[in-house]
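We call the chains A, B and C, going by the order they appear; numbering starts again at 1 in every chain.
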Amino acid sequence: MTTQLLLVQALNGLQLGILLFLVAAGLTLVFGVMDFINLAHGVQYMLGAYLGAAFAAATGSFWWALLLALPAALAAGLLLEVLVFRHLYARDHLSQVLATFGVILFVNEGVKVVWGAAPLQVPVPALLEGGIEIMPGLQYPLYRVAVLAAGIATALGLWWLVERTRAGMLVRAGATNAPMVSALGVDIGRLFTLVFAFGAMLAGFAGVLAGPIFSVEPGMGDNVLILAFVVIVIGGIGSIRGAFVAALLVGLVDTLGKSLMPDLMRLFLDPSAARQAGAALASMLVYVAMAAILAFRPAGLFPVRTG
Amino acid sequence: MVEPLLRLDALRKHYGGLAVTDGVSLDVLPGEIHAVIGPNGAGKTTLIHEITGLVAPDSGRVLFAGQDITRLSLPRRVRAGLARTFQITSVVPGFSALENVALAAQARAGSSFRFLRPAAAEAALNEAAMAALAEVGLADRAAVPAGALSHGEKRALELAIALATRPRLLLLDEPLAGAGPEETERLIALLTRLKSAYTILLVEHDMQAVFALADRVSVLVYGRLIATGTVEEIRGNPEVRAAYLGEDEA
Amino acid sequence: MREAWLPLAVLLALGLAPLAGFGGSYETTLMARAMILAIAAVSLAFLVGGAGLVSLGHAATVGVGAYAVAILDAHGVTEAARVLPVAIGAAALFSLATGAIAIRTSGVHFIMITLAFGQMAFFTASSLAAYGGDDGYTLYSRTEVLGTRLLEDRLAFHYLCLGLLALTWAASAMLLASRFGRVLRAARENAQRVEAVGLAPYPFRLTGYVIAGAIGGLAGFLLANATEFVSPATLSWQRSGELLFMVILGGVGRLWGAILGALVFVVLETWLAQQMQHWKLVFGPMLILAVLFLRGGLAGVVARRHG
């Protein structure tokens, strides 16, 4: 029983990790190439989820919703880039933090106006209903397996794009040394817009996938954003590989912590206090891990930028 | 035999398979101006980092006034009396020239963990700073923000900051880099004046300047010292000519 | 300091307000909140503008101070002579422990790690089941001063907040002008230069971080007493973002800018919330515009007028 539960929780953890990776991938590239802190990246994830929910409700099909939500998320990202972010690249981190914080306030409130403050439910697509037996007598939801598979496929595709194509080479070079890349005659502004839009779409993709699993609600991007920041800081800013490893790590630590901590706390506290304290301490674990890692490796696990 | 002020004892540093400092031993005697020259990629920058504490050597020792400082941080070395200037000028751009130097003076005069009195009102610090500014000929620029000074003036300011730490040894990292002909002339005149009062280790690319200023010269090529001697000896050394001077001076 | 007439006039106006017909419960509550946030904002301005340490977790120090009041209250300790030192001491200790790690990093990493520590404090507060957990804790009464119920008196509390705000400003300005502050200011612009005159920036920065945290704790003590309520929301990263906004709205370069920033923030927020339900739709874009166009903040505008 316990091993089965552990296995399920580990799978849930990996799946959270995969979603985090999809959000963190865009963030870490944007961060690495342009040295731009985008607090509003979590908003892309939330928008993806809402767009997915809205298109699903309108078309009655999850697949149409996915197909429509991706370009819509991309368009939303481009719009924000042109309206706000573009004017912040040359500014200090403090300004970037605050202006993108303003974007969060606006969009969080905006989705409340459009879709209401109550959480939306997105049904699991019919094709992926039910579960599959991953161990004798242990069913795991098929949709969650599909999310894992889609996430891993995307991660591989991304890896290929970044490591094996010319555009990816420029992005990596940009993350290491942006002035040098622009000295090579590459239009770093256009490269960035490309990376940015792509990152926004990935985050939106994660949001659409998350829709049937988590509830779709205003502010849902905030927690994911902070976890994604933890991911890229642990992984090393600008490193896709680091983001991948750190995302899985954070997903596992968070999920396993949340399922194990309350039990652990019960050794010291009465059950109701243990539940509350355990859940909160589990949420803390990720940050403890980050502080511990940064204390020993201030530039993260896979540092990209040297000097 | 005079006790050397700075002694590098068999310093070694490898990056991967590449030896950037390959058994460098060197003495700087009190009162002399000792220059280290070498072509680009000779390992001059790494050597300076090892002397100032930014890079730890794999083996070997750095001795300053008889004390082993190999593992000390830059601030502790400075407090021991080893002041440096940077190849790319390093000043506090938002501070006035005076406050830049006063910061160095306060580092030398008692604790900087003082919270009550306005530092700008400490006459002793300001006087020490003015004296150092006067020594480099910047007295009339004291109130100007350091960021607004010309390149040559920033170089001079950096020297004043170094002097205000009351150093026993000045380590000058390419003080003439980036200076125009006129500025170079003025800086050489300034260094000539300082020469009588300070022990100087000069790392410089400009050969004319080195031959004009130095008492002794060491030549660094591919991480190794291939020769140390007086200006005349170095000029006449065939190995040096072959390895280095041939490029620039032939 | 010629342009400091404005903040002095503001402090004077705050001093006269209760006597000029603004002494009602509503007005004094609003002003108390503004002044308390101004105290926290000035301490953050000391960190950001003085030492160059952009903390995205400053609300945590306020929260630690506030929770010290709540926890002592739950155990029947309500005497200011004991509560206030504990509140300030706890916030200072929190800053010492987190700063010791955070200050080893710089730039973006510093922003992220202070955010992470803030989140840790937030989740810790949520886990304190005995003190209300997520729901927060309502004080039995305001803290007593030498056995008297002085803080219950609206005017006394008003002038206490005003006095402490003026004191915080004066003390922070004094610190920045001192030898200690000179090292901090120099290290903000060029840490290498500071090392090269023989001073290691780390202990100075850590001391500054602890001082700012202690002042944050003082603000927390006042905030708990003003609202007679403490909840994890006090420590949320959104609060930290708001504090940063007050600093930048006022103008990073000048401590007193934070006083203006906090007052304008509170007035604007209150006024907008009265005008419409979805006031953040307006507030978010205002924040963005302020960052983009109000370079140097309100203080910068004032200084240019008088420069």
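The rule is short, and it goes like this: a contact is a pair of C-beta atoms (placed from the backbone, for glycine too) under 8 Å apart; a residue touches a chain by one contact, two chains touch by 3 or more.
If you're wondering where the values come from, they're calculated on a predicted model, not measured in any experiment.
**Q** Which chain has the mean of its C-alpha atoms lying nearest to the mean of all protein C-alpha atoms shown?
**A** Central chain is C.
**Q** Which chain has its C-alpha centre farthest away from the C-alpha centre of chain A?
**A** B
**Q** Calculate how many whole Å lie between the centre of chain B and the centre of chain C, each centre taken as the average of the chain's C-alpha atoms.
**A** That pair's centroid distance is 44 Å.
**Q** Can you work out the whole-Å distance between the CA centroids of chain A and chain C?
**A** Measuring from centre to centre gives 31 Å for this pair.
**Q** Averaged over CA atoms, how far is the centre of chain A from the centre of chain B? Could you give it in whole Å?
**A** It comes to 49 Å between the two C-alpha centres.
**Q** Which chain C residues touch at least two other chains?
**A** none
**Q** Multi-chain contacts only, two chains or more: what residues does chain B have there?
**A** Residues of chain B touching two or more partner chains: there are none.
**Q** Mind pulling up the chain C residues that touch chain A in the complex?
**A** Chain C residues touching chain A: 48, 54, 56, 101, 104-105, 107-109, 111-113, 115-117, 119-120, 123-124, 126-130, 133-134, 237-238, 241, 244-245, 248, 252, 278, 280-281, 283-288, 291-292.
**Q** Residues of chain A touching chain C in their complex?
**A** These residues of chain A touch chain C: 31, 35, 37, 39, 84, 87-88, 91, 93-95, 97-99, 101-110, 112-113, 222, 226, 229-230, 233, 237, 272-273, 276-281, 283-284, 287-288, 290-291, 294-295, 298-299.
**Q** Enumerate the contact residues on chain B facing chain C in the complex.
**A** Touching chain C from chain B are residues 73-76, 78-79, 83-84, 86, 90-95, 99-100, 102-104, 106-108, 111-120, 122, 161-162, 164-165.
**Q** Under the stated contact criterion, what part of chain C meets chain B in this complex?
**A** 174-175, 177-183, 185-186, 189-190, 192-200, 203-204, 207
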